[in-house]
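Structures incoming, each one as C-alpha cells.
In what comes next, subunit A is part of two complexes: it sits with subunit B in the first one and with subunit C in the second one.
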Partner chain A sequence: MKAIAKTALPDLFAALKGRVYVPVREGKGYGFALWQGQDWPADYQNTIVPPKQILFPQTEDLYTFRVEGEDITIDPAAPPEEPSFIFGLRPCDYRAIELLDLVFRQGPYLDASYSKRRDNTFLMVLGCKEGLPTCFCTSFGLEPAFAPGADWNMWDLGEILVVEPGTDKGKELLEGLGLFREATEEEKSQVEKLREEAKATITLHAPTEGITELLQENFDHPLWDEVARKCLECGACTYLCPTCHCYDMQSSSVLGQGRRFRCWDSCMYCNYTLMAGGHNPRPSKRERVRNRFLHKLQYYPENQGEFGCVGCGRCLQHCPVHMDISRFMAQAKEVMAK
Partner chain B sequence: MQRMTDNMRKRAGELMAEGKADRFLGWEKGSFWWQSPPVEIKEASQTERLIWDLFCTANLAKYLQQMQSLEGKTGVFVKGCDARGINRLVRDGAIDRDKVYLVGIPCPGMIDPDKVRELVGDGQVTIAPLEDGLSLQGPLGERKVTLDEVALDKCLLCRHPEPLGCDEVLEGKAREPFTGDIYEEVRELEELGSDERYDYWAEELSRCIRCYACRNVCPACNCVKCVFDMDQPNWLDGATNLANNQVYQLIRFMHVAGRCIDCGECERACPMGIPLRKLAAKVDKDVNELFGPFEAGLDPEEKLPLGTFDPNDPDSFE
Partner chain C sequence: MTNELIPQIAKVVAVRKETPDVKTFTIRGEKGLPFTYMPGQCAMVSLPSVGEAMFSITSSPTQADMEFSIKRVGLLTEALHKLAPGQAVGVRGPYGNGFPVEMLKGKDLLFIGGGIGLAPLRSLINYCLDNRADYGQVDIIYGARSPQDLVFTDELFERWPKIEGVQVRTTVDVGDETWNGPVGVVTKLLEELNPDPQGRIAITCGPPIMIKFVLLTLAKLGYSDDQIITTLEKRMKCGIGKCGRCNIGGKYICVDGPVFTLAQLRELPDEL
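== the complex of A and B ==
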C-alpha cells in the first residue's frame, strides 16, 4: 500500500501519459470528463452517466466513406492509441465493466473497438465512504469500498489518498511514479476501518436468492402487466445503467460522403426488436419492460453466470416514475409462484 | 395531508362501488421519502395504497392515452396541472372524456427534493407540516421553512393550482395562483446576444443523451407514432451530437407549441438536468405574442392558436 497527499494529485494526473478522466460537476450531479487542470469534487457521488461511456461511447464511428464517380474510398475508424486513465470510478462501476467484458471480450467474438479501449484503459477505483440511499451493491456481493481485480484501489483518508495495486499493470505504474511513499501502519488500519464502515452505510437491500429460478418459472405472470402499465417506456434506465450495452448500427451520408457508426440503443424502445418486414417479437411495452428486468436477473445469470445488475441505484434515482428494481425483486418473491 | 389521503381512499372506493369508475389512477408512496410514483388501483380493496403528499408530482394525464382501449371508465385524481393535461388530450381527441372520471385535488404545490437535500441532506428525511410551513428533518439537522422555499420552480409560477374541468373536487386548500410575469427567465435569455444564447443552449443540449424521458412523460406529446421513432424514413439518426440533439429538442418544443401546460414534467424527468422549461416557456411566449393571450388546457373546448386558421394570423418570417 502506498500513499500520496491529495494536494499532489495534479502532479499525478500530469505524470500519467494519456487521457485522464476525472469526476466533474455535470448538470444536477456528476460525470466524468477529461482532466484539464481543474479541481475535482472529492465528495462526488455516483456519476449520472456511468463511466461505461468512456469504454463504450454512446456514438462511435466504425468507418467513413466517400464516393467519387466509380471510386469508393472506405476509411476504417479506430479507437485512439493513446492510453486512458479513469480516476475515481466507484467499485460498482468497476464491477459493471467486468460484466461488459463478459459480453464484449469473451467467446469467439471479440468486440474490437471495446477491447482496444479496454486494453488501453487503466482503472483507478476510489472506494465509497458512504453509499447513497439508492445504493444496494452489497446485495450483489459487492463491497462499497473495494473492487477486487481493479488496477488500483484507492481510499480517501481526508488529506491522504492510499493506493493498493491489484494487477501487474497497476503495480508497474505505481512503482514507476515517484510520487508515492509507503503507507503507514496507521493509514493501513484506517483503510480497513473505512472499508468496514462503508458496508454499514448501504441500507437498501434487494433479495437476490433464488430470483433467477423464480423468474424463469413466471414468464407470463400478471405482475409484468402491472410493472409495464406504470413504465413510460423512455430509455433513461438503460442509458444510465452501467451494464446495459445494446447498440444499433446506422449510417448517414450527404452528397457522396458519410459514415457508418454505432450508437446506444435501448430495449425499451419500440424499434429495438423491429425486423425487416415489420414483425416485432416484442410488440408491446409488457414484453419490453420484462426483457429489461429479465436481462439483468435471468438472462445474464444464464448466459454469463453472473447477475447483470451491480446495485448502483441509477435507475431507481432517475426513473421518471420511480421504478425500483429492488422493490420489484421483493414483490416478485412475494407474488410469483415457486 | 393525511385527511386528503383518507378522503381519496374513501372516494375512490365509493366511486368504484357506484360504478362511476372501474379503476383509479393516483399516487402511492415509493421507496424513498422523495418518491410518490403513479399507481393504478384495480379494485376497492387496493385503495389503501393511495396517498397524497407533497411529492405527488408525476402528471397522470399521460397514462390515460394508453388506457383508452380498456373497458369502462378510469377515475383519476388530478392536481391543477394533471387536469390541464387531460383537458388538452380531450381537446385533441386523444382521450374520450366520457371514459374518465376526474376527481380534483386543490394543489398546494409540490416539493423539489433537491431543495430539501440542500438544506437537510439525504437519507433519513422526514417532512412534517406546521401551521405556517414545514419542518424538515435530515442528516444535516432540522429546518423550518415555508413550502415556497422548497417548492418546485414550476409550482411557484403555477397559475391554476385549482383543477379545472373536473367531475368533482375534494375539499382542500390550493396555493395562491401566481399572477406575475411567468416569462422572466425567458426575458433574461432573450436579452443575451445571439452568440451567447447559442453557446448557452449548445452547452446544455450537448449533455442530452436522447433517452426521450422528456417526450415520454409529456402530456402534450400524444402522437401515436413519434417522428423520432420512425425508421422509414429515418428523420433523425441515433447519433448523439449537438446537431442531432438540437434538432430533437427544438422540433419537440415547436411541436408542443400552444399545447404545453408547463407541468414541468420534461425538466423533472431529464436525468441530465437540462433546463427544458425555459425552451418551453420561450415557445409559449412567442405563441402568446403572435396569436394573442392563450393558456393551454383550461377548457376542453378551447380553440388552439396553432390549430385554428385566422386570416389575420401573422405570417412574416422576419
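== the complex of A and C ==
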C-alpha cells in the first residue's frame, strides 16, 4: 500500500501519460470528464452517467463513407491509441465493466473498439465510505469499498489517499510514479476500518437467491402487468445503467457523404424490436419492462453466469416514476410461484 | 483486430425480378465470393446512406455466386429494389448457425415454404440437391398468395422436379386464368401428401400464421418436435450478439439462431 497527499493529486494527474478522467460537478450531480486542472471534488458519491461511456461511448463513429455514382468507399474509424485513466470510479462501476467485458470480449465475436479502449484504460477504483439510500451492491456480493481485480483500489482518508495495486500493470504504473510514499501501519488499519464500516452503510437489500430460477418459471406472471403499468418508457434506466450494452447503428449523410455510427439504444423503446414488415415481438411495455428486468436477472446469469445488475441504484434514483428493480425482486419472491 | 461492424464493398452483378415485390440480387466482392458460408446463414447488406439489415443468403454455397432474395417492405428494401447491376453495396457476414447439414445427411427431407420464406430454404434445397447422394427423398411444398407471387419459378417448375427423388407441389391462395395448379393453403397439400415421419425431417419457413398451422399439421401427421426445423427473423443491428434486440429469452437469434428445431423453440419464452 502506498499513500499520497490529496493536495498532490494535480501532480499525479499531470504525471499520468494519457487522458485522465475524473469526477466533476455537472448540474446537480457528477459526471466523469477529462481532467483539465480542476480540483478533486470533496463530496461525490457516484456519477449520474456511469464511466462505461469512456469505454463504450454514447455515440461512436464506425466509418465514414462516400457514395459516388455506382461506387462506395469506406474509411474505418479508429479508436484512440492514447491510454486512458479512469480515476475514482466506484467498485460497482468497476464490476459493471467486468460484466461488459463478458459481453464485448467473449463469445464468437469480439467488439473491436471496446476491446481496444479497454486494453488501453487503467481503472482506478475509489472505495465508498458511505452508500446512498439507493445502493444495494452488497446484494450482488460486492464490497462497497473494495473492487477485486481493479488496477488500483484507493481509499480516501481525509487528507491522504491510500492506493493498493491489484494488477501487474497497476503495480508497474504505481512504482513508476515517484509521487507516493509507503502507507503507514496506522493508515493501513484505517483502510481496514473504512472497508468494514462502509459495508454497514448499505441498507437496501434485494433478494437474489433463487431469483433466476423463479423468473424462468414465471414468464407470464401477472406481476409483469402490474410492474410495467407505471413505466413511462423514457429509457433513463437503460442509459444510466452501467451494464446496459444495447446499441443502435445509424447513418447520417448529406449528398452521399457521411458517417455510420453506433449509439446507445434502449430496450424500453417501442421501435427497438419493430421489424420492417410491421411485426413487433415486444409490442407493449409489459414485454419491454420484462425484457429489461429478465436481462439483468435471468438472461445474464444464463449466458454469462453472473447477474447483470451491480446494485449501483442509478435506475431507482433517477426513474421519474420510481420503478425499482430491488423492490420488484422482493415482490417476485413474494408472489411468484416456485 | 478487424471491426466486424464494418462491411466490405461488393457489386451487384445481376438483378432478377421474382414477383412484383421480390427481387433476387447477385453480388460479388473484389475477389469473387465476399465470404464462404453455409446454407441458412445470413448476411448484413447495406447502402450506407440508407441503412443496413440482415437477410438470409438464398444461394447455396455449392453455387459460384452469392444471392439475396429481398422483399420490398421498408426503407432499405425499397432502396435496394432500385439498384441496377454495377451498383456497389456493403456486405458483412456470414452470421448465424445455418441449417444442420450434417445431421440431415441420410434423411428424407420435407420442405414447406410460404411466400418469401422459400428464400432461406432454397439455399438448403440446392445444397442438398448438389450433394444428392448425401440426402434421401426431397419433397417441397410451396405456397404463395397468388401465381404472380411465386418466387424461384424456374426452379419450382423446371429444375427441381426433373431431379430424381424430388417432388415439388405448389399452391396459391387465390388462382387466376394462368393457374391450373392447386388452390388453397400449404397445409392442405401437406395433409394430402402425408409424408411418413419415419426417417424424415421437416424444414419450414414462411409467415407466422402459416408456420402456426404447419406445426399443428405436422404434429397431427406424427412428427416430433426435434424432427421440425425452422428459421427465424428478428430486427437486428450488429449481427454478432452484442447490440441486444434480437433476443428471445437469453438466446440471440443472430448467433444462436436463426435456425432452431421446434424442440429448441419450445424451451424459449413465447416472444416470437
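Criterion: the second predicted complex is superposed on the first by the 331 of 338 C-alpha atoms of A that agree within 3 Å, B and C clash if a C-alpha of one lies under 4 Å from a C-alpha of the other, contacts with A are read in each partner's own complex, and residues count from 1 in each chain.
Here is the rule we use: a residue touches a chain if its C-beta (ideal position, glycine included) is under 8 Å from a C-beta of that chain, and two chains touch if they have at least 3 such contacts.
If you're wondering where the values come from, they're calculated on a predicted model, not measured in any experiment.
Engineer: Fit or clash for subunit B plus subunit C once both are placed on subunit A?
Structural biologist: They fit: once the shared chain is superposed, the two partners occupy separate space.
Engineer: After the superposition on A, what does A:Arg286 contact: first (subunit B), second (subunit C), both or neither?
Structural biologist: After superposing on A, A:Arg286 lies clear of both subunit B and subunit C.
Engineer: Using the touch definition from the top, say if A:Asp265 reaches subunit B (first), subunit C (second), both or neither.
Structural biologist: In the superposition, A:Asp265 contacts both subunit B and subunit C.
Engineer: A:Cys234 contacts which: subunit B (first), subunit C (second), both, neither?
Structural biologist: The answer is first: A:Cys234 touches subunit B but not subunit C.
Engineer: Please indicate which partner A:Asp324 is in contact with in the superposed arrangement: first for subunit B, second for subunit C, both, or neither.
Structural biologist: first
Engineer: Report, please, how wide the angle is at the C-alpha centre of subunit A between subunit B and subunit C, in steps of 10 degrees.
Structural biologist: 90
Engineer: With both complexes overlaid on chain A, does A:Glu226 touch subunit B (first), subunit C (second), both or neither?
Structural biologist: first
Engineer: Thinking of the overlay built on chain A, is A:Lys116 touched by subunit B (first), by subunit C (second), by both, or by neither?
Structural biologist: The second partner, subunit C, only.
Engineer: For A:Leu274, using the defined touch cut-off, is the partner it touches subunit B, subunit C, both, or neither? Pick first, second, both or neither.
Structural biologist: In the superposition, A:Leu274 touches subunit B and subunit C alike.
Engineer: In the superposed arrangement, does A:Asp248 touch subunit B (first), subunit C (second), both or neither?
Structural biologist: A:Asp248 contacts both subunit B and subunit C.
Engineer: With the two complexes superposed on chain A, say which partner A:Gln58 touches: subunit B (first), subunit C (second), both, or neither.
Structural biologist: In the superposed model, A:Gln58 contacts subunit B only, not subunit C.
Engineer: By how many Å are the closest C-alpha atoms of subunit B and subunit C apart after the superposition?
Structural biologist: Shortest inter-chain C-alpha distance (subunit B to subunit C): 6 Å.
Engineer: Considering only the contact definition stated at the top, list the common interface residues of subunit A for subunit B and subunit C.
Structural biologist: 248, 250-251, 265, 274
Engineer: Which positions of subunit A touch subunit B when the two form their complex?
Structural biologist: Listed in rising order, the residues are 26-29, 48-49, 58-59, 132-134, 204, 226, 229-230, 232-236, 238-240, 248, 250-252, 261, 263-266, 269-271, 274, 285, 316, 318, 320-324, 326-327.
Engineer: Considering the complex alone, what residue numbers of subunit B touch subunit A?
Structural biologist: 30-32, 35, 37-40, 58, 62-63, 66, 114, 122-123, 207, 209-213, 215-217, 229, 231, 234, 237-241, 265, 268-269, 271-274
Engineer: Using the touch definition up top, name the residues of subunit C that touch subunit A in the complex.
Structural biologist: 1-7, 9, 11, 47-53, 73-77, 86-90, 208, 233-235, 237-238, 240-250, 255, 269-272
Engineer: Using the touch rule from the top, collect the residues of subunit A that touch subunit C in their complex.
Structural biologist: It comes out as residues 62-63, 65, 67, 70-74, 76, 103-104, 107-113, 115-116, 219-220, 245-251, 253, 256, 258, 260, 262, 265, 267, 272-277, 279, 281-282, 287, 291, 294-295, 298-299, 302-303.
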